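There are two complexes below, and they share chain A, which is joined by chain B in the first and by chain C in the second.
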Partner chain A sequence: MVKGQFSWKDYDAGNTKHEWDLQKIHAAHKVLTEFKYDKNKIEKGFANKTLYINLTTNEIKEKPVTDDMKKKFTGGRGFGLKLLWDSIQPDTRWNSEENDLVITTGPLCGSTQYPGSGKSLCLTVSPSTNIVCDSNVGGYFGPYLKFCGYDALEIQGKAKEDVIIVIDGEASVIRIETAPLEEINTHLVSEQLTYMYSSKDDERSRQRVSVVSAGHGAENSYWGCLNFSFWDIRRKVARLKQAGRGGLGTVLRDKKIKGIVARVDKFTGVENAPENPEAAAKVGTKIQKEIRDLDRYQCNMRQVGTAHLVEIMDAYDLLPCENYRFGSFPKAPKIYSMKFFENFTRVIPDGCWHGCTMACAKTVDSFEVMTGPYKGHRVTVDGPEYETVGCGANMSLWDPKWIIEFNFYCDTYGIDTISSGTAIAYYMEMFEYGILNKERCGGLELAFGNFNAVMQFLHRMADGDTDEFIKVAAKGIRRVKDWLKSKNWGDHQLIEDAGMESKGLEYSEYVTKESLAMQGGYGLTLKGPQHDEAWLIFMDMVNNQIPTFKDKAEALHYFPMWRTWFGLNGLCKLPWNDVEPANNAETNDPSKVPEHLNNYVEYQNAVTGWNINKEELILQSERAYNWQRALNVWMGRGQRRDDWIPYRSMGPVTELEYVSRQERYDKQLAEIMNKPLEEIEKMDVGKKVKLLYDHRRNQYQILSDAVYMRRGWTQNGVPTPVKMKQLGFADEQKMLDFLAKKIQEDEENGLNEWGGVYSESEEKPSKERRYWESW
Partner chain B sequence: MTEIKRAKILKFNSEKCVGCLECEKACSQVHFKCDDGGEKSAIRIHEKDGKFQMHVCNQNGLCIDMCPVGAIERMPNGTVILNKNICVGCQACVAFCPLGAMKRSASRIEPFKCISCGACVRACPEDALELVEVDIEEIKQIVFNNYGGANHG
Partner chain C sequence: MLIINSKEVIWKKDETISLLLKRMNFVFPMIVVKINGRLIKKDKYSTQLINDNDEISVIHMISGG
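Let's turn to the complex of A and B:
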């Protein structure tokens, strides 16, 4: 184990070395197109151009970034939405010719002075949800893309054969090249391309190359992620971060892209050209010091990354165990963060971009692979992070080594650990009930805890196995639900209620049964059930800070807006609230971390030269957020029925779950029904499950009513033209006309109605049914 | 690689110092080719309770492991140096320096630190400064890397 103060040159991660004839591999490339360009000088965080590539026609061109675009969409994910809006149609699907794969940066992306400033936001029409998905990722590609002269990269069309795209900021040229001989799985192809395209054969040159890729798993499932590389000069490997959610890697491979390479000639730390570098460095150093002094007493990110959450979630009954049936488990201590700490390499600065001293990007070095095509190899595994460990709990895999192996193969096969882990957990529960069995699973004994079956499933999937189960299962829970029902293999309601997906996307790893606000945090979202919009469990369930529907709605307005802001700027969210100033608890709004909010206002102003305040900061997000919702509605989704969530996320689906937390549920029922506890205790469990079922589903509808109104939408969840105009979209006539027409249609179809059933004592959010008309 | 064992660090004889700040000016010459001293000097002399104090890097090397691009290294003579041609200005070393001795001036993004060159020693009219050799093991510091600070120390 590393002791510290070693020269970066001397460290040896102890991994298996590869012998490739890179010259031969490179010689097999055929250049399809070459595009020479003049590199824009970056000004105040913007390169002011985006890059457009069409793989069908091999056209490459630039698009300007206008002031109007910045005003409406700010940058990053906002730019991605704008580019998509200009390119796709309502019926565009993930594999349509015109579907765009967009990688964006954001004005603060590529600075080094504030921790967490290297994020890219990736967008596309998702195979899982048929609407736009967005996913945030670290690694060096985003910053390098910008230093090559582009705020965003947009790829349309499909290549006929496997290609790579090379964005060469050194020579100011962009090339599409065929790439027949490169590997496809990420841990190999990212290393090959890094060696091939670094200007010199040394670690520092390799650090100036970044590769985006996905593996064989992405080709054969809807769970494809994008792996962004960041070359580690100490470990001497291409480290990886993932844009995991929504199937971006599936789209990458559908376009036949093996890798996207960006390289820069130099990097000095001021390329992002802030208006006021001094102010940026000052506010950045302040938070770096906070991380130094406080992290070890707070989240311990620097030592174990997000894995520190495992024990907390287990303690609060929030760790998803055996497909979210339980929130804690007797074996859970076997996968507490300490167990991973023992495997992680220490002391190395593990930020996914320069200057991130949160350093959450931990690795296990020299891990000996136990199964599959790389069995016996020693590799560096990035992670596992909390979500991946949570998937371990969900699949009942209680050995850290098993979770690390699962993590390694998901990464190199280019699939999202969250979607695949959550889905497999569901298949395992169906297996337990006999709805699935060995025969129906292509010979896999997919029972909870069967590590070998999990790995077999992944290997066969990546291998393109044509077994019916493998093929359907690789498309995720939504498709499997429909498949199971069509086969009539089990109770339809159970099949629907137990599978943790909404909008077609799998849940991330938190149990939400006891927090209504968090149910909204997963359901009332743009891209699907991911906790990046709001994480309200503690505010709601533990600290009881948002007791009323109105409070919850306010939180479900504010936090999604605030968290969206990171993606507009190319920032990581973790340095916002995964370290807090020592006096944060005494401030008037600790959950918002007011001091850090101020930091971000200062930071954005320092880079862009704008002069915004806290309120305008939220407004930036509100614009992008509402635009994305409107885009979803335009694509035929993004309405109340699409915001529905499976009952497993609201309450106990099975009697077993009820009984396992009987005291809690009995007490709640006694309160709801206004009956003595003794009477409830005597009731039939099945009946109690049903009572709770009806109650909680209605609660969720009442919550949706309140949230839609707070966000400025109709009861069907459609953003109103009035709201859009207030946000600054008055000249976006096509969108405004569409929304007006849609709301009129909803009116005719009776969809502009409250979704909840209100009792005498309960108040509706507004007395007016068409409340939005009077704004 | 042979292990580097000894390093030269600055030693201050407080009673000899008269507070003329010639050392700071000399240091500014080394790092910024100017006589400004103050925030452009790696060594700072402060007066506290009628006595002078020196504030400077002691070559403990904690910053070496903080640098994402490997710009900070210990030289064969034991001195820790920052190569500003490699540095990307992230300030991680500044923030994590246990002594506050990794400095940054507003005039450029790359930090700077004492390189034990002895310019200040030579500039001091009162012989208040000297370079002394120490065992690196005595001064060495490693960034905190235990499991949790609260319970696990």
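Let's turn to the complex of A and C:
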């Protein structure tokens, strides 16, 4: 052992120990259904079966994974879309009996040769958006699900009482059991179930168990996340990763699931059965070495995780401060990454799946909880990641410990830090304007920077508080906007413009005012404003690489198609571009990291035995992407009106914001209006805010025109039958017929028209209005 | 006058790439610098001087998200 190292057996995380009578808790279970199965041998990344469970009828069955399914949907998120299409109806809502909660793997998920190969993709009809939401997550559950013999798990129906689902790959049996005595909050129930279902009382056995759960917050809000556990044998604690976006945990608890347990008898480095393990290992070794050697000089993810972005975003005026009003803040250095590094346990390398050298999952061990039901307990907190720290800035919480506390309770209550943090920041701004006040907030002084009010809000929400504000606020910004307007408590335009949601989902943590392309990266998306489709701020705002609408549209085609690919395969995106080869700068297109792109082609071929090239790799994504868009349209959304974004993400809503960056905006207005700067400087600020408002809203419409055309959609954002046939869906007649009918209806309603207002010098994307007919 | 990422910036005598990056507050570590289309390696940033009228690309890799 190297000097300074110590055996994992000797490490004590210093957390509060729990004394549970697990035998008594287990004895209270009643087995509702048991399903014995023959475990498929995994071949080339696929188990070739999916698992279907209906909690209303207690039916458990298997569905085959066909070659046609692989060809059209590849795997992972694509499989989830296919299963949902087969199960739901256009009017299915999050709490409908038939809504599916799907957890998928992907052909590369569970590999250990390449970093970031442990991701699951989870899908359901979201309470926030009423359309399908996908969310990715690390942890061991996805790989274990596949090692148990299934490429995906599909749960339909609702249990009558609290249950757990046990997928026992060791005994090849699946059970639905009542679970009356288990805890619900995640940091407790995941530990209870891990101890209860590990085959032996030792760390290695506990490591072979993974639990999916959500807490009381998920029950009482639309922000429920899924917590995926991975047992840390050094800390002896169930660590957590989250499928955060879109309220999947809310659906889990609506189905009365306390936990889903997967247990495997063993796992090896080649459990995913790659066709060519040597080739997979060769390409993996190359990137592993690259991360080991270069990360410290690049993003330093191995030391501080994604929190390295905090100081970068602050420097470029992109860190959301006080509900995205500002992009930097004098107090921001108090929450820079090194402030969290001081709290992280630094002696233990971290990763949320085996073989990931990036190891960006950081923890704070023995954190003493300051508020709420666990006050005084010492716990391990996973994170905080950049987005959670960004929420701190947004709520004006400038103490790392406050952010860690917020992180802990969001996790254990099973709520998304992003949605809750962004929403609370909005409520705080409304509080500042007097649109909300203490009386209207159920007694909470929800002012910027009030940590105690934030925590009280979370605790009361998780506790099921019936105060009107708490109940509406827990459903997110969209519902609060409608509520505030119905009460006539403030200026309706201000209420709409300041709340950072689109499609009903809250924004993640980047300021986009100066990047039109990134406004599209948030708005022209499938599930809502999450940055996982495209992150174009540097490319657009700083590098000035995509100055025209056509350039931006190309980026808003390529990057979403490329980034979707990770979710089809069960991969993490971070090793693609959060580290780069030493010679990346010398390549023709360094933004795409060409060497890594080639790695992924080789990696997928090595595991699956396919023979794809990089163009076909994009095609895999394009199929799934268009299918999901078509699914959105089928559910009554996914059109131009649904892609609209709040003005706060386009420009300064208030005079305060304008004045805070006056030099910038005055200069822009001078260019737009072709007037001398001195003349603009003398203008009334309110008038300048309005001029910019009209200009930028139109810019967004023109961008939408260009993007829809580049993606092969109509001006209303609808994928065409021609496009779908080109992608390989020629035999999906039900979908093709629906799209043809919808486009005809749009034509009759005048919706197949350009959305932007074009000046004489500006060209529309096409001279043909019905360009999509002959695409 | 310099052109940096297609925008005009005042030229300063005896300014190296390192100093220019500092002036512009370009703190992101994963960047590519080209002067008049010629790639400049990182180890030259502290010595490579910038001339008046140079056209400079400071390409920030995407990262993030």
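In this section, the second predicted complex is superposed on the first by the 770 of 775 C-alpha atoms of A that agree within 3 Å, B and C clash if a C-alpha of one lies under 4 Å from a C-alpha of the other, contacts with A are read in each partner's own complex, and residues count from 1 in each chain.
Methods note: a contact is a pair of C-beta atoms (placed from the backbone, for glycine too) under 8 Å apart; a residue touches a chain by one contact, two chains touch by 3 or more.
Owing to the predicted nature of the structure, the values given are computational and were not obtained by experimental measurement.
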Partner chain in contact with A:Y297 - chain B first, chain C second, else both or neither: both
Which superposed partner A:P590 touches (first chain B, second chain C, both, neither): second
First (chain B), second (chain C), both or neither touched by A:E278: first
Chain B versus chain C as contact partner of A:S96, first or second or both or neither: neither
First, second, both or neither for A:D10, with chain B first and chain C second: first
Chain B versus chain C as contact partner of A:Q662, first or second or both or neither: neither
Chain touching more of chain A, residue-wise (chain B, chain C): B
Chain B and chain C footprints on chain A, overlapping residues: 297
Touching residues on chain C, where the partner in the complex is chain A: 5-7, 25-30, 32, 39, 57-65
Residues on chain B engaged by chain A in the complex (per definition of touch): 1, 61, 64-70, 73-74, 86-92, 94-96, 104, 106, 109-110, 140, 142-150
Residue numbers on chain A that touch chain B, as the complex places them: 3-10, 112-113, 203-204, 207, 233-234, 267-270, 277-278, 281, 284-285, 288-289, 291-292, 296-297, 300, 302-304, 337-338, 341, 346-349, 351, 354-355, 357
Partner chain C, residues of chain A touching it in the complex: 297-299, 309, 311-312, 315-316, 510, 531-532, 534-539, 542-545, 547, 559, 573, 577-578, 580, 584-586, 590-591, 593
